[in-house]
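Got some structures for you, see below.
The same subunit A turns up in both complexes below, where it pairs with subunit B and then with subunit C.
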Partner chain A sequence: MPLGNFASLIHFLPELAVTATILLLVVVHVAGKNRQSAAPALLSLAGVGAALLLAALQPASAGRSLFEGMVALDGFAIFFKALTALATIVVIFMSMDSGELAGRSQAEYYIFLLSVLLGMFLLTASTDIVMLYLSLELVSIPSYLLAGYLKGRESSTEAAMKYVVYGATASGVMIYGFSLLYGLTGTTQIGEIGRALATGDAPLPVLLAAVMVTVGFGFKIAAVPFHMWSPDVYEGAPTPITAFLSVGPKAAGFAVLVRFFYTVFASPDVAAGVWKISSRVDWTLLFGVLSAVTMSVGNLVAVNQTNVKRLLAYSSIAHAGYMLMGFVLLTPAGLQAILFYLVVYLFMNLGAFYVVILVANGTRSENISDYSGLGSRAPFAAVSLAIFLFALTGIPPFSGFIGKVYLFAEVINRGVYWLAVVAALNSVVSLYYYARIVKVMFLEDPKDSTELPVPLFPRSVLCFLAIPTLLLGVYWEPVARVAANSVKLLAF
Partner chain B sequence: MMEPTAYLLLSGILFGIGVAGVVARKNALIILMSVEIMLNAVNVAFIAVGSHLGDPTGSIFAFMVMTVAAAEAAVGLAILIAIYRLKETIDITELSVLKW
Partner chain C sequence: MLTDFATVLVFMVLGAVTVALLLLVSRLVQPRDPTPVKLSTYECGEVPFGSSWVQFNIRFYVVALIFIIFDVEVALLYPWAVIFQRLGMVAFVEAFVFIVILLAGLAYLWKEGDLDWVRTMQDAPARKEGK
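Then we have the complex of A and B:
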């Protein structure tokens, strides 16, 4: 039974903590005299930290439906709340260190950042298309503003403009798909839509709706062919925001993709322990092709990049392709592989972007050629970046390897060999461009051999990101178990 | 109760006009307007279906979409003004600092 509005509030504490922090930040923004003070950052850290704690403490045992069936409280939602809150905390650290954001109004920035976080909390839990649409827009609209936060810098404003045009169009197409689903079934609850579609007999409108909804979700996870915005936005946006967009909203996009498609267009087959397609459209093949194309385009285009942010943008497209492999299998183990991969991806990708920020603070450059000799100029940062890049490639003993093992194992286990072959070839291609940065850092002579100082605070944050990247490569059992439990609570 | 067919047809046509505007136009302002047309097409569909089923959810959804459309337009226009101040043009083909 869905809980009523007041009874739900007690199960809604992480979201309430974020909301309260946003409201406090508004007060700080209006009342505070010094626009550059660190108070908003510290306040947001406290708020998001509290939300993370509250989310982790939520009992995952029983799936609950809150607010008359608008949002779900299950292990899956709790997992993604904790994941996105953790990403936001790291991004707040990055933002405090970033030279790009220095001198700009701080409170507004954190208001937008936390609004996106609130949107992600709701998006990963929504079980009603009204809530789903509103929370998706709550993620998108502040993201447009954050991408253009460096007002007066041409690349940032241009990134925001492209983002808003692509984003608004994608969400418009998605909601038209929702209107088709509502018209076919007469309900906005995704569970009921799924049941109605399973008995219905109208393949064409269902296919159309599935494709249109895919446009909206594909935009969020930056899957080819809906990825056109991402390289430009990732390059133009402030680097902490680039890092944030490549982890937070992408993870939330995967969460909503899984929850929506596994509820609406598939249903759990409890006896076999897998999901089976319940509508008449074989959408797994569509997503299999999408996965292969996404990883291939991401990796092949990344090879030629000279700007490191743009390179990481294409690499993050490729990683979305890898994760989509787990989505098409319709098995709990496939989903577990996605969740596990998202955890290791969070650490390695945020770590890589953090080093980019530190280098840009010193050299004012994001070109790969300016990384030459980084190994002698800033050994700590260079070694950390090498760790993150090798983890992204998926070389043992780093955590990225274990993430890929889980994905590949399940793909092969289910007999989708062609996809496994494409993904393996892609991993080889990715080694080329990741290793190229490492080569530039350690084997080429520096153009300018002055030392780049890395203060204690960034050092400790880098350790915080690098240690899990290494540790999860040798001892991943607990995280894998949490991921497996979170998946189980989705349906079975 | 009313037959929704005609309204759904209208909605489809409006949506097509919106998509065509987004794809074909180069002026960022017109593109944002075309997105609004797409969203209004969605509203027509929701209200028509909701009214046909006698279910108020469709109309409520349309209100939500309108609110979001207003927020999106506010943000889109703010960014548009920022672009115009920098480049004195809102032609999106002129946005070429970022490219592969």
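Then we have the complex of A and C:
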């Protein structure tokens, strides 16, 4: 029984905390004399920290439907709220340290950042297609603004423009798919749509709707063939935003993909403890192929990139491909693997981008060739980057390995051997381009041998990201348990 | 369900055929006597001049956005006023929160100088910071 509007408010505290912080930031921007002060950053940190705490305190035991069935409060939503809030906190630290953003209006930047966070909170919890569409736009529109935040720099403006055009097209196609679903079933609630489709027999319109909705979600997680925007946007956007887009909205995209497809186009098979496809549309095969293509394209194109941000963009496309493997299996263990991988991916990917920011602050360059001799110029940053890159490759004893083990194990358990083979081959390819950066850093002579100082603050943030990356490679059980518990409540 | 969509398909085909048919008939029976004035673009009775590919001031866009926000506010407050007596305090608090949020936006616009149409560079110090 869905709760009414007022009864829901008490279960909506993380979102309210973020909203209040956004409004306070507007006031700070209007009242503030110095627009380059650190006050907005600290205020956002406090607000997002409070939201993270409130989300973690929410009772995960019972799933609830809030606001007359608009959003759900279950373990799955709470997990993603905590994950995206954590990513936002790290990105705020990165932004405070980024040379690109220095001298630009601060409060507006954090207003957009927190708006994306609010959108992600709602997106991961939406159980109504209208709410889902609204929150997807709330994620997208401030993202466009953030991508173009370096006003006056050509690449940033280009990034924002491409992002808007692609985003508008993708969400247009997606809402067409939604309208088909509404036309078929006469309801906007995804649970009811799922029940109606399970009894119906109209494979063609359902397949059409599934493909159209995939365009919108595929755009958010940057899966091939909807990935065209991501290298240009990732290269042109301010680096903290690139890091943010590659983790936060991608995680939220996965959350909504799972919730939507597992509710609308599949139904829980309680006896076997898995989900089964309803409405005779075999979309898992479609996503299996999408997964294989995504990781192959991402890895193969990454091989001959010369710009670090572009390389990491293609690598994040490849990682979306790996995670899609868990999505097609329709098992709780597959979902658990995705959730676990997202946690691991958060630390290693944000860490890699953070080093890119630190190096760019010193050298004003993002080319791989300028990383030569970083091992002697800035040993701390270079060793951290090496840790993150090896973790991204999935080499033991780093956390990326454990993430991949969970994914591969479940793929093999379910007998999807061809996908496991493709993924294994892809991991080999990825070793080449990740290790190339490490080689340039440690084995090549520096072009310019002056030392790159890394102050104490970035050092401690790097430690905060590197320690989980190492620790989750040897002691991952608590996180895996949280991920497993978050999956159980999904069927709601 | 599929048969429902067949109705839609029949409707679409009939629509397309009707339009094509009407255009064809009109083409066959119409008298044709073109003059330069008749062939020129219709611009509400004015004599057309120039190309339509001109640059507009970007501030029209900002003004349009401001308008939409306050338009929505008014559209919401009308039904609110009608049922205000019945809902009492709850309605008051809800509308209050809603208006405070919009007021924050209005303060932002004011500070940024988006409410003044005529202005010089000195009037808008925020713009010169190169945000």
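The rule is short, and it goes like this: the second predicted complex is superposed on the first by the 491 of 492 C-alpha atoms of A that agree within 3 Å, B and C clash if a C-alpha of one lies under 4 Å from a C-alpha of the other, contacts with A are read in each partner's own complex, and residues count from 1 in each chain.
Rule of thumb we're sticking to: a contact is a pair of C-beta atoms (placed from the backbone, for glycine too) under 8 Å apart; a residue touches a chain by one contact, two chains touch by 3 or more.
Predicted model, so just to flag it, every value in this text is computed and none were measured.
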| item | value |
| --- | --- |
| Partner chain(s) touched by A:152 [first = subunit B, second = subunit C, both, neither] | both |
| Partner chain in contact with A:69 - subunit B first, subunit C second, else both or neither | neither |
| Superposition-derived comparison: subunit B or subunit C, residues of subunit A touched | B |
| Subunit B versus subunit C as contact partner of A:373, first or second or both or neither | neither |
| Partner chain(s) touched by A:201 [first = subunit B, second = subunit C, both, neither] | second |
| Touching partner for A:29 - first (subunit B), second (subunit C), both, neither | second |
| On subunit A, the residue positions that both subunit B and subunit C contact, one per complex | 151-152, 183 |
| List of subunit A residues in touch with subunit B within their complex | 129-130, 133-134, 137, 141, 144-145, 148, 151-152, 154-155, 157-162, 164-165, 168-169, 172-173, 175-176, 178-180, 182-183, 186-188, 231-232, 235-236, 301, 304-305, 310 |
| Of subunit A, residues touching subunit C in the complex | 6, 23, 26-27, 29-30, 35, 103-105, 108, 151-152, 183-184, 200-202, 204-205 |
| Subunit A-touching residues of subunit C, taken from the complex the two chains share | 1-2, 5, 90, 100-101, 104-105, 107-108, 110-111, 126, 129-131 |
| Residue ranges of subunit B in contact with subunit A within the complex | 4, 8, 11, 15, 18-19, 22, 28, 31-32, 35, 38-39, 41-42, 45-46, 49-50, 53, 55, 57-58, 60-61, 64-65, 68, 71-72, 75-76, 78-80, 82-83, 86-87, 92, 95, 97-100 |
